[in-house]
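Right, one structure below, let's go through it.
When the chains are written out, they are named A, B, C and D in that same order, and each has its own residue count from 1.
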Amino acid sequence: MTTARVNDFAFKIGTVNGTGSASANGLIMQSIFRMGIPVSGKNVFPSNIQGLPTWYEIRVSASGHVARTPIFDLIVAMNPATYARDIEELAPGGWLLYDSSWPMADTLKRDDINFIGVPLAEMCVSNFEKPRERILMKNIAYTGVLAALLEIDLDVVRTLLEETFGETKKHLLDSNFKSIRLGYDYATEHFDCPLPIRLEAMSENDDAIIIDGNTAAGLGCVYAGATVAAWYPITPSTSLVDAFTAFCARFRKDPETGRARTAIIQAEDELAAAGITIGAGWAGARSFTATSGPGIALMGEFLGLAYYAEVPSVFFDIERVGPSTGMPTRTQQGDILLLAYASHGDTKHIVLFPADPAECFEFSVKAFDLAERFQTPVFVMSDLDIGMNDWVVPKLEWDDEYTPDRGKVLDADDLEKIEKFYRYLDVDGDGIPYRTIPGVHPKGAYFTRGSGHTKWGTYTEDSEEYLEVVDRLLEKIDSAGAHVPSPKIRSRPDAKIGLVTLGGCDGAVREALGTLEADGSRYDFMRIRGFPFSEEVTTFLESHELNIVIEQNRDAQLLSLLTLETPIAKDRLASVRVYGGLPMSAHHVITGVHERLGIGAQAEGARA
Amino acid sequence: MTTARVNDFAFKIGTVNGTGSASANGLIMQSIFRMGIPVSGKNVFPSNIQGLPTWYEIRVSASGHVARTPIFDLIVAMNPATYARDIEELAPGGWLLYDSSWPMADTLKRDDINFIGVPLAEMCVSNFEKPRERILMKNIAYTGVLAALLEIDLDVVRTLLEETFGETKKHLLDSNFKSIRLGYDYATEHFDCPLPIRLEAMSENDDAIIIDGNTAAGLGCVYAGATVAAWYPITPSTSLVDAFTAFCARFRKDPETGRARTAIIQAEDELAAAGITIGAGWAGARSFTATSGPGIALMGEFLGLAYYAEVPSVFFDIERVGPSTGMPTRTQQGDILLLAYASHGDTKHIVLFPADPAECFEFSVKAFDLAERFQTPVFVMSDLDIGMNDWVVPKLEWDDEYTPDRGKVLDADDLEKIEKFYRYLDVDGDGIPYRTIPGVHPKGAYFTRGSGHTKWGTYTEDSEEYLEVVDRLLEKIDSAGAHVPSPKIRSRPDAKIGLVTLGGCDGAVREALGTLEADGSRYDFMRIRGFPFSEEVTTFLESHELNIVIEQNRDAQLLSLLTLETPIAKDRLASVRVYGGLPMSAHHVITGVHERLGIGAQAEGARA
Amino acid sequence: MSHITKPRVVHPALEKNALGLTRRDYEGRMSTLCAGCGHDSVTAALIEAVWRLDVEPHRAAKLSGIGCSSKTPAYFMSDSHGFNSVHGRMPSVAAGANAANRDLTYIGISGDGDSLSIGLGQLCHAIRRNLDLLYLIENNGVYGLTKGQFSASADIGSTTKRGVPNEQPPIDPVLLALTLGATFVARSFSGDKEQLVPIIEAAIRHDGFALVDVISPCVTFNDHVGSTKSYAHTREHYREVTETAFMTPTDFVPLAEEITADIGAGQARDVKMHDGSVVRFRRVAEDYDPTDRDGADAYVRERIREGEVVTGLLFIDPDSRDHHAVMNTVEEPLWDLPFEDLCPGSDAMEALMSNYR
Amino acid sequence: MSHITKPRVVHPALEKNALGLTRRDYEGRMSTLCAGCGHDSVTAALIEAVWRLDVEPHRAAKLSGIGCSSKTPAYFMSDSHGFNSVHGRMPSVAAGANAANRDLTYIGISGDGDSLSIGLGQLCHAIRRNLDLLYLIENNGVYGLTKGQFSASADIGSTTKRGVPNEQPPIDPVLLALTLGATFVARSFSGDKEQLVPIIEAAIRHDGFALVDVISPCVTFNDHVGSTKSYAHTREHYREVTETAFMTPTDFVPLAEEITADIGAGQARDVKMHDGSVVRFRRVAEDYDPTDRDGADAYVRERIREGEVVTGLLFIDPDSRDHHAVMNTVEEPLWDLPFEDLCPGSDAMEALMSNYR
């Protein structure tokens, strides 16, 4: 398996969380990126703060595959607590780098892999004085070892360190680089460097960045002009608001007074976060909240209010593994049905499904436009993998021609002209009434309520009057199907089978297509990007004998939604699901698809 | 339309709420019942406490039809504010009884109906002294008029009054009966009594009672042995806990000490009510809460916990019109999908669908058995119509052989015998692990959590360990399909079309069958009574070319659930929906079914 | 609230306020509450107060949760923006609206059930934020709309209509607010419009969260003998407090006017509000300092021990800084900032991208 | 808790308690908290207290919400029943469990985030119910598990690691509990096991809701200069209070023992608990009466104004009646009542049916 491979391998680093390994891992990832090589990183971390095993997985792929791969050619095992597991996970012929300051139990040894022992702790003890420094530098030192083994460009590493520490923190720069050199020198001295798996500079990343989805989404909210954010901390959504906060500190201060052009409110819980978001949307601001499954479960009542009272508002669901508290630091797509139909009674919501940070940015902006156009809550469904992992994506760009679509808002002039304003009247026959912003004009005042109301905006308990409004709502939301991001479709002539997916499964499915088609089979591919589904989704499904829906949850929730919300016959949908909490890999997809089609070994189930 | 009809007509009484008309209406309903005639009553009341229009609808049907009928032969219009509407709603040839103490505007008059003016207020003013009495007696007096017009047996009325007031409140008995006589005498004197629509004693009700679903459900909880009830008031569920409380005061006091054998806790909100219910279930009690849509929407997070941590608990959802606050005093079946899949992540829940108070009683008991057998939250889905209206049902019976199914519980003896207890281990291969009650035995202690756990009950963040548990959960819940109440099926030879419904639509659909089959057509009928669906549900669906699913919500939620959870092809399901907030009538079903089949006038849509 | 500065015309005979509007212009839809419900009297006081303050109707937002009390916003100021939200969650909706547009006058109406049970967390946190909002609780000790269950403000020993006594300690919104750092705390009675109106006026003008707990009897479910929230009980125990010359603010003197010294100087105490308005306290107990939080708290506790219903404007923090001040947001309503001021644009984006390489 | 009457063996040298169990038998899984986290010291104190009280492990239920603090139940008493529920909602789960089985010892562990933000409403209502529960808040002023955001207990002026000061008034669980009628209120410090252990013992024995607010520093996110919940700050301001001879209960003397008068009679004050146990207060300020709610409240407020962290068992209501007493439930655990006592049976049904005709 681990034959000589340039720019095409995967390795991971196992450490203890809270020991500063995050910066070392980021440095390695970024160095490879700066070498122009396609790379992706996945952080597999525990739900605690300090002292437990954590891994950082790096995949290098000249051909640009970004999905997680569960097979590792090299493992940096810095955590004795996970030696056994790390050793077990290594591909035959692979390399295990460990800290040989302490001997490794022979029982752990495996014959078919290579052990690379470097006395990292020892080296740091003899080269650094302060106890804290000794611990931190140990984690930096393996960077140096890896640089030698994999041929990471040391100049790039040095430049990155310089950028990080600048002139002011020169001492840190020095100690960091010193420990990297220690590792590097030790490795070149003691081992055959480089390994058969190694790096070679490319120039694939000139127009790319490394970014996580939450940062990109936070930035999207800034660019969309959101001014009110309400939130309650919850993994893995917290960093979205953190990013928004940081960007606002940079971009949203009044240059003269230094005062904030944004209100960012840490709410007391998710119910309050939803209420603040809705209150602000009602009062005319672009407002949002970010949360995860448990938060959405708590927002149910408020979501129904926003739907029925038609209040624009944006909700980010950065999903983690459910049910209940589940595994807060693992990824899943388990809230699809919940988002589509959140709240009691008859409701339906617009949901966007970004696949990577670039789309997180794009769809954040889109979400506000849709929320205001359709006067309703809009969900952006992301997940821990997209939201918190490092993705290489094209540089984000901004079109200065963009103006926010505030939807059908009557301003003071408009109101001046009309005789009387009725908030819930479908004047144009498009299912969307006009709204007003409170305080703008005396004629714009109206009463908002979650109880039965007529199209004139008055209270009612009358069947017919009630029906007029809820029937229009259904029509309104369904009409949004034509405005959500259209699916990404790749067609082959004569393909009889469609692979259908959404969100972060994208990379795995696209990568799998290569293998699946290697035998001459032909598949079409569709990644769905929004709900309600557009015509194109139906057309795609209808044009294949079988559509295999690939997603990350137990209950085939996307397949369910397609079943309910498109005319496709049920026997033309099949399911591949991966929902153990780690990002999907091409391997999962291939075995899953083969299994559905009765091809090859059935051994590995779809649930792996 | 209003030709002579004995024991087969409908009338309604329009009054102002908070004026004591409820007891008069109950008296009329009960008198007809005591005359042995099949009767049903629907209370159409506003969401406030006093001063708004309210109606009480009574349908008399010798053939035992219980569904609401929207066509009235007689209206008692006691509320001038609704004269116009009441007059409009009367069937041609019908009778409008009103208080002629004040003249009725000529503009309101209709030529094709009969006006019966009785100076009720005047009569009461000249016959009663106290102002309060004068008002109250006015509402009783129309009972007397109706007795004359419809031939309600005055002896029955008198007996009922005697039962109500007993010896101690003789003065009330007298004044009530006096005012009834006033009305009766006036009517016999001034009008041709009886009307062509009239009553005639039967003996259909010897083994029947009049009861509402919430009372019956509350009684069911007593008989099931529930000891902890937690709730937060919300229409239309409040009366369920009120009934439970009253029954416990009667049946659940320690005979010696007078102390309560039940804890009934008015929680601070629905989240707390859910938490208390779950905590009590965990600690070994049969516990429940009752709420309505908004409450369920708030309980989402807790429901996921109970599902994943496998805590038996019973949740009554007495539905009202959504979304959001909606119409709190109107009925709907809008929470079907919410209940089936409540909470974030992959979840699925057992739901029971009673159709009338008798089943409310029966299914309450069943719900506790299922909750403990499957160690999971169980919903009983009722609604305002079933829960708060007066239904004539067979007397409730109790089998003293019943013992609660507490499911797979290890008691002290069992624990003594085993080596080690693992809470989440599927020992028997049925998907259901054993549980213990806290405090019973040292070996029974275990740790309960909503976060990732292994089958051994320990914390995990590992994919495989996580999957073992959630996969078993799915299997466990699906296996409950064989244990929920089986569907009620009525089959005809060669019927190609199945009518499928649930809950309170039952009466309307069964009544409609008569008309639908009048032309020789043949329909099968299935009323679904539980989810997950049993094999019989699938078999029924599969054996019909077309299944028309009749339900009370906008979004065809039962149809959706059948689509997702049975193998039936989508094109073999069609939908009839009535969701304006009033109970379904046969009329709605007939027009809806005809429309689906392209028969007859398409004028009246299904959404009526 | 921060941006209302118009002086009012006070000649009592004039029926129009400075905006040329009559009290009728501040009315709402017909009440659907029970005849005699305390809440309708509160509505009348609200109408009087906003009329006196010359609030432009369309510049006011009325928010509520769910309950009989929460229907109040429908019954005044038809020409204002109303939001009847969900049960117990009005504070968060108000916080969001206020964040988006700090320039409106925010009037929140709640009930004791809405505020002290399901909504308790939100109430407490709105206090902490010092959200610029009049938060008026129509407190009747019961859940009216769901037919008379005890609420969390029911006093120990207070009985239901059927005579069942409450045994759980009440949550007193006044003590709670004082404990949580509220900057404006008052209690009044729906039956005392004279006292209530100026309190509402001051509360609206207050720059921050103004809690006004109004005992507002429920005639249908909690006005019987045995109830401590009945008209009779409140009048009786309320009067006592007034007789002991405890504090009530009786005159709210806005900016434009001179302070008329119609009472002995020794008896009056003026507290200046952020916008220069003055709250004058009369009939206040000798050494009562309405700006001393702990003192107010101790006094109220002591009087409660004596079974009294202390009413009046009990505490005010003249240095109150509302949520926007804490957030240091710009003066303009956020919702209305020009998009150019919000969107960094393509150049900034390009520059930013270098951080992600 | 109502049904624990076993006396304990107090000879300090003995390593076994009356049940023959060592402290080790009360330990739990290895902590996964940060090295030095205050919460782990609280765990140690909990172990000591339950060991001393001879709590039978399987007769105890440990409940929590979500947070670093809420993980505590996993770290003590492996042989007890644990329930790590959902964020902020432990009080309701505990209320349900207690309703079903009043015979267990209920130990609830929460954090300041869990208790004072998302869980504030439930905490307040558990206090009102006087739920028989030790409710221990591991209070560090931040959300530890989500990486250091301010919680609602953060003091005004306390800064984040980066120096950003908090500007919202803190919710003080002690003042809150006193205001809401809590029957047992204490504050302690994770760093003072000597003080904490007897407080926990008394709290467990208390017949009702026992709030124990423990300042428990977060070494990772809130132990820097500028934080008012750091070890250093707490030690400093905490010591002062002790020096001023403010109250701390230092001896918890259970039923079976005689009260040893090892301190001057004038300095000691004994409060007898419902089960005959006694809480002895020493080093209490001269005229401090730990059974005077309003007095306690005023004292704590005054000391807070002086910047002090008042610790000790601050208030106890010896007449406390827990939720079951208020509900007047039978003595036996409800879950275990024989079905015959619960189900009225067929005859009763038949009789009842006549009411519905």
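Observations, loosely collected:
We adopt the following convention: a contact is a pair of C-beta atoms (placed from the backbone, for glycine too) under 8 Å apart; a residue touches a chain by one contact, two chains touch by 3 or more.
Just so it is clear, the structure is predicted and the values come from calculations on it, not from any experiment.
Counting steps between touching chains, the shortest path from chain A to chain B takes 1. Between the interfaces B-D and B-C, more contacting C-beta pairs are found at B-D. Placing every chain at the mean of its C-alpha atoms, the farthest one from chain D is found to be B. Averaging Cα coordinates per chain places chain B and chain D 44 Å apart.
Centres computed as Cα averages put chain A at a distance of 40 Å from chain D. Measuring from the averaged C-alpha position of chain C to that of chain D gives a distance of 35 Å. Residues of chain D in contact with at least two other chains: 84, 86, 117-118, 120-121, 124-125, 129, 152.
Residue positions of chain A touching 2 or more other chains: 46-47, 268-269, 294, 301, 305, 324-325, 449-451. Contacts between chains leave no pair untouched here, as each chain touches all the others.
Against chain A, in their complex, chain C makes its touches with residues 56-59, 61, 63, 73-74, 78-86, 89, 91-101, 103-104, 121-122, 124-125, 129, 324, 327-331, 333-337, 339, 341-346, 348-350, 352-353, 356-357.
For chain B in complex with chain C, the touching residues are 18, 46-52, 232-235, 238, 266, 268-270, 294, 324-325. Taken in their complex, chain C has these residues touching chain D: 117-121, 124-125, 128-130, 152, 167-172, 175-176, 179-181, 294, 297-298, 301-302, 305, 321, 326. Across the complex, chain C meets chain B through its residues 32-35, 66, 68, 71, 84, 86-88, 117-118, 120, 143-147, 149-150, 152, 220. Interface of chain A with chain C (complex): residues 30, 33-34, 205, 208-211, 215, 219, 222-225, 227-228, 230, 251-252, 254, 257-265, 267-269, 271-285, 287, 301-302, 305, 395-400, 402-404, 437-451, 459.
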